[in-house]
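Read through the structure below, which is laid out as structure tokens, and then see the notes.
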Amino acid sequence: MESVSIRDVSLSFGAVHVLEKLNLDVREGEFLVLLGPSGCGKSTLLNCIAGLLDVSDGQIFIKDRNVTWEQPKDRGIGMVFQSYALYPQMTVEGNLSFGLKNQRLPGDDIRARIDRASKILQIEPLLNRKPAQLSGGQRQRVAIGRALVRDVDVFLFDEPLSNLDAKLRSELRVEIKRLHQKLDNTMIYVTHDQIEALTLADRIAVMKGGVIQQLDEPLTIYNRPRNLFVAGFIGSPAMNFLAGAVVKSGHGHAFRAGGHEIALDGYEPDTAIVEAPDALLGVRPEHVEINREAGANGAVSFPATVDLEEPMGADSLVWISLGDQTLSARVESSRRFRRGDTVHVCFNIPMASLFDAKSEIRM
Amino acid sequence: MARDGRPLQLFRNLNAKIAAIPMIFTAVVIFAGGTIWTVVYSFTDSKLLPRLRWVGLDQYDRLWNTSRWIISIENLMIYGVFSLVFSLVIGFVLAALLDQKIRFENTFRTIFLYPFALSFIVTGLVWQWILNPDFGVQSVIRDLGWESFTFDPLYTADIVIYGILIAGLWQGTGLIMCLMLAGLRGIDEDVWKAARVDGIPIWKTYLFIIIPMMRPVFITTLVLIASGIVRVYDLVVAQTSGGPGIASEVPAKYVYDKMFLGQNLAQGFAGSTMMLLTVLIVLIPWAYLEFGGKRRV
Amino acid sequence: MSNPGSLNIAAASLDAVKDRIDGGPRGPRPRKRISRRNIFIYGTLLVVAIYYLVPLYVMLVTSLKGMPEIRLGNIFSPPVEITFQPWVKAWAEACTGLNCDGLSRGFWNSVRITIPSVVLSIAVASVNGYALANWRFRGADVFFTILIFGAFIPYQVMLYPIVIILREMGLYGSLWGLVLVHTIFGMPILTLLFRNYFTSLPEELFKAARVDGAGFWSIYFRIMLPMSLPIFVVAMILQVTGIWNDFLFGVIYTKPDTYPMTVQLNNIVNSVQGVKEYNVNMAATLLTGVVPLVIYFISGKLFVRGIAAGAVKG
Amino acid sequence: TELEVTHWWTSGGEAAAVAEFAKAFDATGNKWVDGAIAGSGGTARPIMISRITGGDPMGATQFNHGRQAEELVEAGLMQDLTELAEKEGWRDIVHPVSLLDSCTVDGRIYCVPVNIHSWQWIWLSHKAFEDAGVPVPTNWDEFVAAAPALKEAGKIPLAMGNQPWQSSGAFNVMSIALAGLDAWKAVNIEKDAEAAAGPEYAKVFKAAADAREFRKDSNVQDWNQATNLVITGQAGGQIMGDWAQGEFQVAGQVAGEDYSCLPGLGVTEVISTGGDAFYFPKLDDPEKTQAQMELASLMLSKEVQVAFNLKKGSLPVRGDVDLAAANDCMKKGLEILAGGNILPDTNQTLSPDTQGQIEDLMTEFWSSDAISAEDAQQRYAEIIANAD
Amino acid sequence: MESVSIRDVSLSFGAVHVLEKLNLDVREGEFLVLLGPSGCGKSTLLNCIAGLLDVSDGQIFIKDRNVTWEQPKDRGIGMVFQSYALYPQMTVEGNLSFGLKNQRLPGDDIRARIDRASKILQIEPLLNRKPAQLSGGQRQRVAIGRALVRDVDVFLFDEPLSNLDAKLRSELRVEIKRLHQKLDNTMIYVTHDQIEALTLADRIAVMKGGVIQQLDEPLTIYNRPRNLFVAGFIGSPAMNFLAGAVVKSGHGHAFRAGGHEIALDGYEPDTAIVEAPDALLGVRPEHVEINREAGANGAVSFPATVDLEEPMGADSLVWISLGDQTLSARVESSRRFRRGDTVHVCFNIPMASLFDAKSEIRM
């Protein structure tokens, strides 16, 4: 059963088409992350689901009920905003109960729900404070609580963590994940932070220009991006792209770039490898191996020069020049390289992705 | 799953629409309706009471052949240009001075702003009194020994409009200063730092960097001042009643006098239509700049 | 804070300092209190402040002088003999026609006019601004544009049509007619102010409230109002002073026993009996200005802040 | 019954006169609610008119009788007084009867004239001339001759306020006196532009151009401030209507001793019969209508006429009242009136619009040397040509 | 030779003491990063160096010249701001030349400098555009250019990248690093992003509350944090802290927590290991090893339960409960764990840090 279904939804602001015939099905109890660059329409889509924006065309179903024209409050959704959007003049308790009072629930019931939510979120000692007296993390928790008390089917999060600092962000990330495991609600979560997306999601929908580019599980998205955009967008440090051509070679295919030929043995194609005069080989930095000596691990390797070394704590990023192309390789931080060192590179082809330069689709 | 029909647009946000009725009423009936009514009747020969007897452009013909109207327009031009320039300059300079992290900022600001609380009637009366040649500035300075000192704007036809200007600036610059100050405070502090690191002198920073950055504020104040200028009436009435002679007449007063005193509504309407036209000439480029180019996000 | 980490560094660098000539300036840059810059700034401000204060001073001293002193002396000299007679006369005795009760009657009329006008105009404009900022509906922009243009229409253009409209509504000459007029003419600028302010509030608050099931009015009263004190103060100041100071509408849309204070002021100042009694006129002028002045002096700071919030942006 | 009465009589003498009306009206058991609007008819009339057209009329209101209320009457907003007038025989009482004609539209009577005001006076301060060491003039030419002496003595020869109607009024007085009655009538009644451009009027403009030199230093706004200059001897004279008399009276001055008055500038002894009249807007409340009638009748009654006009310094509209108490100047006026040397007032002959245009021209002319007598005359003629 | 020396600098705003007798020496040509949480005084310190704030006490030397009282423009510094602070109404060229024109440099010279700077920063095609027509990254480059043309000794950067999105940030980071290698100027760089700090810095100064906590090379800071604050602040995901005690055990010391005893063999102490009843063992997630079976790699291990798995692309973060303490471990993303799985943990003690709980100093 689908929890939220979006059918052919389009939305334009005047001449700007933000969403174009978008389709999306979110499963019951799923944690779906909408990921995409700024301005791609993530918030817009979320607002459409919430009923805060009227769609120009298409329909929205929540729990198989057509809610396209219903008021936000009648859709069974709760929403958490980036800026917390707490009512500044009300106490935490007031914030939590506002929605319930609007539904004219009995006082006992309200009390009980607030108790439960504040226990889950551990904000019991804060109930009498005003938002201004809370820290960022506490505010975010209250904001979640506001959705929680309303017992909704679907939680919508719009970049709930981007106003927080890195440390708090990773803490709250874990909390949200735990909350989802506890509640088992459907959650739709907008972010442009890929670590958040990768760690939280059951499935990720990568958006660009109002269109969903790929909808898959995190590791599938990471390892087998459907197109160039997804490949480049996901992963930090970013994937390396080598420009070249796919050619026949012996019993299989090979990738030829700048005179070198890299055999595509073990590559897992989406469709099939075909010859292509213009192709891109995408390799993530952790799948680029560099060694001081050629053939150190028995694989075919190519000579390259070290450009720059960026230590990042646990590991370092080494930028190397291979012919006229620049690549980054991720190495353990104990291995040190200096600018100008000559190294030998080899690629982990089974983990690489091959793209047709024209269609930008993965082969 | 069935495709539900789109509900009637009229009833979406019904409450908002109901709440906006006063605004719609004011906009359509009073402002648009009243304006159109006025324009229409300016083509008639209505006297004390409006009546629809068309006379074409006769009223405008007469208007532009009346020396009082011409003088009014001239006065408005002089008053307008000077008050625009001085309001902006004084307002900005004061704001810039107040923005120097000075002591007593609040006191100074209050002093500059308080005249804005007073009506034009009061302003006109006070300045009439201060500029009175027998009691005011002129006589005081003469008493101090400069026997030949002459400063009698209110009774000298050539400069009377400047006498009014002094009073008008006194009343109005405080608000302009306030807006400018708000604008200055809104400017990214880093720009100042960048300019200091670049070694740019303060006056240059203001002239070439800050003022261009404050364009929106300047436009807002410009429109504010301009609309006030076109409407100037009470001040003149209280201070000079248009005198000496008709040396300080302004269009608004002409319109009022023709409509009610001269019992020639149509003539007054023609005058006010011309004023409206002036306003449009000022406003439309502004509206175009402000709203035409980019939509509000 | 006792932190060995920083102590270590401090100790290490201490040696370095010893190696070097520890000369040259240290500590804050010396600042002359009376620098040329300060003289310029405060000098200019003072001169300008005098220009702004002189009228108030002249009004005050003139109102405390007797007529003989005024005729002889100069307007800037302080009163030799302070008399409050002009104040008394202006307040309670000055005549217009047969009515010799000075400004006192006008004062209460002004209060009676101002309070409902301020309340109604702010109420209407704030709801409008709220509807425009948060509940944009089709066509709203058109009406709003007309409304803003209305702010710049010379009043004279509207005087006559409004007479007709009020007559048709049967409100002409009543207090409510005048209140309506003030509401109408206050609407453009106030609506703009409120719209800008509400737009500057985080839109997400509004969205959150809608998700929470609050309706149009509930959001307005429970969410927006409590957050809008600064802009309400600005609106209140603008309206109180504007309406209190209004002359044109007061004189055209009321009748003598409901004349506001400004009209009474004009009557007193223009009812010259023999010589002009400048002292009474000035006292009357001051009395008329007292209410807006007091409001300014009390809430000037909020006004400035609110102006910044509502007028400059958006 | 309460009746609100609006008027613009707020100067000292005027207010005292109004008080007489109020007293008399209150004595009938009604109540006079005073609605004075300060600042001359110019300020007050717009308010009165908008109230009447706005549907919130007062009980009675002052206008200058003549054409000011013409359209209001035509629009049916005014009470028809014909019945009352016929019952009380106003036609017989009111003298000169032309005053009643000014109240008549299509044969019905709509207003009560309450006084006669004539513009044709110059008021001279004895003190000023004494100080200057010249005799008090007895006509305009003498006045012109004496002006330099006054100037020398530091006096303002001719006091004149800055209100527009004062300029045009003074000009009108001069034109009757200097251009002669025929020319004046041709211009103001027949609206003969040629006459306005003719040599008689050229003389007037010439004289006015000279006179504007005399008034140069009178930096006052209101007419009564100008009068005050005369009263205190700071100015030699003032061309002003007979209402100025009230000010002299309030100041305790005696005609012939402290000041003199010359009707028709001492040249052409006529007086124009302008004046004030009360109109009664139509009201719904029959009781109020009743009170209006009472007030109308009261205003024309002998005693009230006397009491009012004595205070106001104007002439009564009835020929049959005894004005023993009247002073010198007023008596002069009464004589002229009795002699039938009367003219209509410009309020009766010209529309407010035309008057306004003339006022504009005159204000400009009187205050600025930039406009020559010839130019002014030419523009004057144009206005007359377009007059309605 | 020191490029910038800060001697006993204090600064207070009224009663708030932001900097307290701070000392700092920046070497010639060094890339020094000031890292610290928000509000710790980083920008304040930078502004003091630039001369934009007057110190309350102390001295500042640039190139051995006492500049404590000099004007910003005379200090030989260039500054790049977070908000770019470009002059919006001037073209890029105008922005670059405005400062030079004020120094009344000859036109040729100005041209030459602009050419050089725009070549280095690759903004030649943008010279005639206004800032509003530039992307965030381009703006940032122009802001750098403005410092570049002035030929200054010291570059000051105040969080120059924090307004940019993640992708652009990592690109520009590399560019700045390259720029530094090319120019060899001294650069002082403020950030609160530790990846930036680690990758860019020759040395990092970690600040807190107006005091420098540690000044060292990036990997030293990462691997041997001098105190608890630095240890917790650096590294993402954050270091794990196990509460326990240091006890004598056999011929050496051991860390005892919740009944387990972890031998401290191979630990590299800053001073010396001493017995401590209250101590914290800090281990970074990549130094926590988890295995399905006990003793898989021959080391002593402890049983624990998996709490949560967070895939992060290249690797995953596994949250485990060890007794009543929660730890995170970084594992390759190909290894999958499920909630409730029992695993065996062991620690890489040579890479760990031991803190006294009271003094918070590393042993």
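Which chain is which? They are A, B, C, D and E, in the order written, and residues in each are numbered from 1.
Simple rule for what comes next: a residue touches a chain if its C-beta (ideal position, glycine included) is under 8 Å from a C-beta of that chain, and two chains touch if they have at least 3 such contacts.
All figures in this text were calculated on a predicted structure; none of them were measured in a lab.
Enquirer: If you take the chains that touch chain B and keep only those that also touch chain D, what is left?
Expert: Chains touching both chain B and chain D: C.
Enquirer: If you count the C-beta pairs in contact for each pair of chains, which pair comes out on top?
Expert: B-C
Enquirer: Per the centroid of Cα atoms for each chain, what is the distance between chain A and chain D, given in Å?
Expert: Centre-to-centre distance between chain A and chain D: 90 Å.
Enquirer: Determine the centre-to-centre distance between chain C and chain D, using the mean Cα coordinates as centres, and give it in whole Å.
Expert: Using C-alpha averages as centres, the distance is 43 Å.
Enquirer: Approximately how many whole Å separate the CA-defined centres of chain D and chain E?
Expert: Those two chain centres are 92 Å apart.
Enquirer: For chain C and chain E, let me know how many angstrom lie between their CA-based centres, rounded off.
Expert: Inter-chain centre distance comes to 51 Å.
Enquirer: Do you know which chain D residues sit against two or more other chains?
Expert: Answer for chain D, listing residues that touch two or more other chains: 46, 50, 53.
Enquirer: Spell out, as numbers or ranges, the residues of chain E touching 2 or more other chains.
Expert: none
Enquirer: Of all residues in chain C, which are in touch with two or more distinct other chains?
Expert: 159-160, 266, 269
Enquirer: Looking at the complex, which residues from chain E come into contact with chain B?
Expert: Those residues of chain E that touch chain B are 47, 50-52, 71-74, 77-79, 81-90, 98-99, 102-103, 146-147, 150.
Enquirer: State the interface residues of chain D toward chain C in the complex, per the touch definition above.
Expert: Touch residues, chain D against chain C: 4, 6-7, 9-12, 15, 18-19, 22, 32-39, 43, 46-47, 50-51, 53-56, 58, 222, 224-225, 228, 247, 250-251.
Enquirer: Please output the residues of chain C touching chain D within their complex, sorted ascending.
Expert: 95-99, 159-160, 163-164, 166-167, 170, 172-174, 251-253, 255-257, 266-276
Enquirer: Applying the document's contact rule, which stretches of chain E touch chain C when the two form their complex?
Expert: 2, 5, 7, 20-21, 23-25, 54-59, 61, 64, 66, 68-69, 209, 211-215, 226-227, 359, 361
Enquirer: Could you list, by residue number, the parts of chain C that touch chain A in their complex?
Expert: Chain C residues touching chain A: 202, 204-205, 207-214, 218, 222-223, 226-227.
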